[in-house]
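Presented sequentially are two complexes of chain A, the first with chain B as partner and the second with chain C.
Then we have the complex of A and B:
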């Protein structure tokens, strides 16, 4: 039979396929290399440089004769990190960490509620819907730094807010204290609730109308429909939106900086104090340590969020289900 | 489409994560030690130069540069304007120095930066004999010195003045206060008949202006913030009296609560709206508050006096700018000549006339024609001659931030002035130890 003679060829098909695959692999590698190089340059290098800087400190000894500063930097091991957790600088850092976290938890919670409401409004068919959609999106289109300045104007001692509230003693929103924290939360909510609204709206639009019709036939109340149908079906989109907002808010800089001003205990976030250390004081070591901490903090939060709530950030869910 | 969107968002997420922490520049790895003796190395090189300054609001700088360029065709100067905000200016100067770029030749530095720039060897030591220093107000020259060496040439100055409502004081038969007690009395007499009128304000927002106002209060009570020997000394009865003027002022309402949000411009608006009886402010307010186009309610109704103090006239904090030469520039001889040209009497006179910036050339303050045009010059000269410079320390930014923190909390009532000064003294000792 010819089977014996045909036996050898059986393994032979793979080699050409492999080599073709290897060839394709090489081509792919060649095609991807420029992108990877650019990424290495603009992403990997700065991150690694920041990690390295976090272990160094600028020398700051002064020559008592000439008053000139020592030059260069010294390796200080983990000192920048230990300073961050204990001691004087530690208070400032822990306070900033608390602000960063509290802003994130409170602001994002409010934004989710408002954002979903906005999406529900935008989703309904009614006259002037286009106008409402455009109006809701305006805050999102305003650059944050500009929004910060506008809100500063609104919150100043003789500003609109105090005129409207018409209190006996006007609230000094931009002075250090709880009111400054509230002002930042208000401005941040105004600015980014539309972002959640927009993403949720996209999620709403893919929900089939038949599901709602079925619910109606079964006599479900609007409230029940929302909890049992709308929310579960919009959840994947909503989770991605929330994750984005959380990561964004953890890095919040512009609003506290422009609306309240740096150096206020109630609103200084980690990025604000990192900026102050690096740009104002020229101390890149501690600034990098703060940034590295924030980097890890953000990474951990994102990881936990994805694991716990199953946010489908990379769009892999469909593939997994298919298996 | 949805999936694609998600992938894109995923990529955006990764990028956002990374960019969030990579916003830090790398630090300067140090330059070889330039041997600095007591006599500066000769500054050489003739040719084109650049003149770098904060945003020129007056519009006169280009005229001055054009005039120089006309007579020095082979040493053309070009103007580089930086942002109006002082912190942003400093940031660019520092970056230029850290990269050792020769793009900037002549630097227009705020007086408070002298120590930092000199100690880091970012600017050249200048030969004193080259400049007419004896013709300038002595206090302004001091601001350009670090460890007794000259690192800049003062070209404009600034001193705080007490703006007061002359109409109201005259009506009550009062003269401008020379002490804090007199100021309080005047408010007590005038405020009851003028509802809505606040007593006193300065710059009390948490920024550099608060350091200025605190230093003034301490100096005016006979104390010092950082002494001549470079050592801080704020845990003293004098400093406490100075701080208490501000703290008690807020407590009693003599300083309106809203003033804790005032920088220069917020305070100016309040004064021009007729809401303030007394206002500690720089000379620039004079022209704006005198405007008769309706923007100022107090035009013709106010005048200026030296700042009051504890037992007599107080001491202002010195502002202003010095011109320095970048260590990393080419054509340093041209730079020196250019500074000499700008600091000369003719240029300073022209500058005063066009921009009303306070000159450093002493004789200009006694020129009858100029005094007639700028009536505040007489008081301003007194203010500047008596003025104290702010701490001349290398870590000025950190020192100033510590001061702002302590004073802001004390004025907000969250700490007592005693505790605030005690912990401030500790922080300043840490920051100024050598």
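Then we have the complex of A and C:
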């Protein structure tokens, strides 16, 4: 954490260095301030405001004195949270929490396995690498909302998936139920597994060939080489990629919204129900309670990843060793 | 081909078992490559093919549209959809976001990569952490704020929240690019009498142009693809962005979804990105992986 680790290995004589450092410090402050200000405005302020809003509700009664609709909001304590967990909105919220979690666990697991496989294949093949790299960026470049519409089209009752499956009764993928959940997982996997492959490939490329040659000389099988050498060496890259994918999937919105649509038990995520509360019903209090919960959920997962699994998000450890 | 796969030919002759082992699966990586390309491109191809069918045979399953038709494209651009205007809106929102973020982000990234100052890791940490925040947590309070200050149905209501994800992305990418440039550059500039600020402006910035350009592409794509913010803060048709408008296309007869027009519009929204990706794939990959691999 201390800044001294960033210092160049050859120490320069103290007096000029200090003055230069002071000058650099002032310059750095001037350069960093705009970004910090913008982030304070568009990130820090809204997050704090969400925490406040979560304890309020819009007044919807009639003022007994004037007989007019009441304006403004009242402090309701933990009511939004108790509603969300055990009250009226409890079923819907717990369902959304379950969907958010199950999407994340299942989709990210599949994506990691596929992504690592793709990376291994790309690392092996020398011909056609440019082609595959271009192809792999296409799912990444397609806007997620458009990808949702594309998969909605593919999963139509008389769409191409049902034609290929050729069942007696076509599956109604995009209505609701488990099949809708599966459709979202498939679409998400299509969109992001190649991206994980790309990141893992970059991690594979920095492993030196000598390590593999040594393993070969020792008579290690390809399987053994993968588990004992490749995987441990790409682990730092993979952990960061997985962390980012998990955080991204926890806030999933576009795919369930455009592929299935809001208000479906099987695919509503926390972000979908928070969006509906806020935009459709104008209930900022409950919507904030949902989003505060999601925020804390994301924070806990990120914390666990960084502290327990040692995901090196800032790259400081690798930086010290590598450069 | 065999030479690239077997860098040590003498080893092959000494261990025939290994050679035989390699012989039967040498084609596997190539089959794998084929599978990956198929996996990535076939859904996109289906969007393209469907968009080029006639509205009447939209449910056909031939791999090539017969006969070819641009009916769906005409339908997508029909006046009642407002698609052309939406494209312009998307361009404005994503373009302005990208420019703003690059202006601010380049300065900060330079400081983070090259200057030695107190609290650098704190700043890096803040930039990283803010990019992890769920958009909805920011959006709900901003929505309340925007409705009270009359920002609903404005461009700035889409641009300002978009900076919450675009700025960390840009700062992170640019920091990696600046770090890769040799320190000798500034040292030489300072020996020649440049202040750190001059060194940045006259030496570093021109040389960092490719990195800035790549970051611009990545940021633009991220802003162009943004959905939930634009969906929430704008309900006036003339201000909606392309992804929002496409998802709200309505059919001629009320409830049926006009899939043909949606696919055509989807192709139009995606093709510029695909062309960017094809042209700059090397740089984009370098930029994207810079965030994950250090």
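Note that in this section the second predicted complex is superposed on the first by the 273 of 323 C-alpha atoms of A that agree within 3 Å, B and C clash if a C-alpha of one lies under 4 Å from a C-alpha of the other, contacts with A are read in each partner's own complex, and residues count from 1 in each chain.
Here is the rule we go by: a contact is a pair of C-beta atoms (placed from the backbone, for glycine too) under 8 Å apart; a residue touches a chain by one contact, two chains touch by 3 or more.
As the structure is a prediction and not an experimental result, all values here were calculated from the model.
Chemist: Applying the document's definition of touch, where does A:34 land relative to chain B and chain C: first, second, both, or neither?
Modeler: After superposing on A, A:34 lies in contact with chain C but is clear of chain B.
Chemist: Looking at the overlay, does A:172 come into contact with chain B only (first), chain C only (second), both, or neither?
Modeler: first
Chemist: Decide which partner touches more residues of chain A, taking chain B and chain C as the two options.
Modeler: C
Chemist: Applying the touch criterion given at the start, work out whether A:53 contacts chain B, chain C, both or neither, answering first, second, both or neither.
Modeler: In the superposed model, A:53 contacts both chain B and chain C.
Chemist: For A:288 in the superposed arrangement: first (chain B), second (chain C), both or neither?
Modeler: A:288 contacts both chain B and chain C.
Chemist: Which holds for A:103: it touches chain B only (first), chain C only (second), both, or neither?
Modeler: Neither: A:103 stays clear of chain B and chain C.
Chemist: Going by the contact rule set out at the top, does A:264 touch chain B (first), chain C (second), both, or neither?
Modeler: First partner only.
Chemist: Given the touch rule stated above, what does A:93 touch, chain B (first), chain C (second), both, or neither?
Modeler: Touch partners of A:93: none, neither chain B nor chain C.
Chemist: I'd like to know which partner A:181 touches here: chain B for first, chain C for second, both or neither.
Modeler: Neither partner.
Chemist: Mind working out whether A:156 is in touch with chain B, chain C, both or neither, as first, second, both or neither?
Modeler: both
Chemist: Of all the chain A residues, which ones make contact with chain B and with chain C?
Modeler: Comparing the two interfaces on chain A, one with chain B and one with chain C, the shared residues are 43, 46-47, 49-50, 53, 156, 158, 202, 206, 240, 244, 247, 250-251, 271, 274-275, 278-279, 284, 287-288, 291-292, 294-295, 298, 302, 312-315, 318.
Chemist: In their complex, what parts of chain C are in touch with chain A?
Modeler: 1, 4-5, 7-8, 28-30, 32-33, 35-37, 39-41, 43-44, 46-47, 50, 59, 61, 104-105, 107-108, 110-112, 115-121, 123-130, 132-145, 160-161, 163-164, 167-168, 171, 179, 183, 195-197, 221, 224-225, 227-228, 231-232, 243-244, 246-247, 257, 259, 262-263, 266, 269-270, 273-274, 276-278, 281-282, 284-285, 288-289, 292-294
Chemist: What does chain A use to touch chain C in their complex?
Modeler: Residue list for chain A touching chain C: 1, 3, 6-8, 21, 23-25, 27-29, 31-32, 34-36, 38-39, 41-47, 49-50, 53, 117-118, 121-122, 124-128, 130-154, 156, 158-160, 163, 190, 194-195, 197-199, 201-203, 206, 209, 213, 237, 240-241, 244, 247, 250-251, 253-254, 257-258, 270-271, 274-275, 278-279, 284, 287-288, 290-292, 294-295, 298, 302, 312-316, 318-319, 322-323.
Chemist: Please name which positions on chain A make contact with chain B in the complex.
Modeler: Residue list for chain A touching chain B: 43, 46-47, 49-50, 53, 56, 58, 60-62, 64, 66-69, 71-73, 88, 156-158, 169-170, 172, 174-177, 202, 206, 240, 243-244, 247-248, 250-251, 261, 263-264, 271, 274-276, 278-282, 284-285, 287-288, 291-292, 294-295, 298-299, 302, 312-315, 318.
Chemist: Enumerate the contact residues on chain B facing chain A in the complex.
Modeler: 2-7, 9-10, 13, 15-18, 20-27, 29-31, 33, 36, 87, 91, 94, 115, 118-121, 146-147, 205-207, 257-258, 260-261, 266, 394-395, 397-398, 401, 404-405, 408-409, 412, 427, 434
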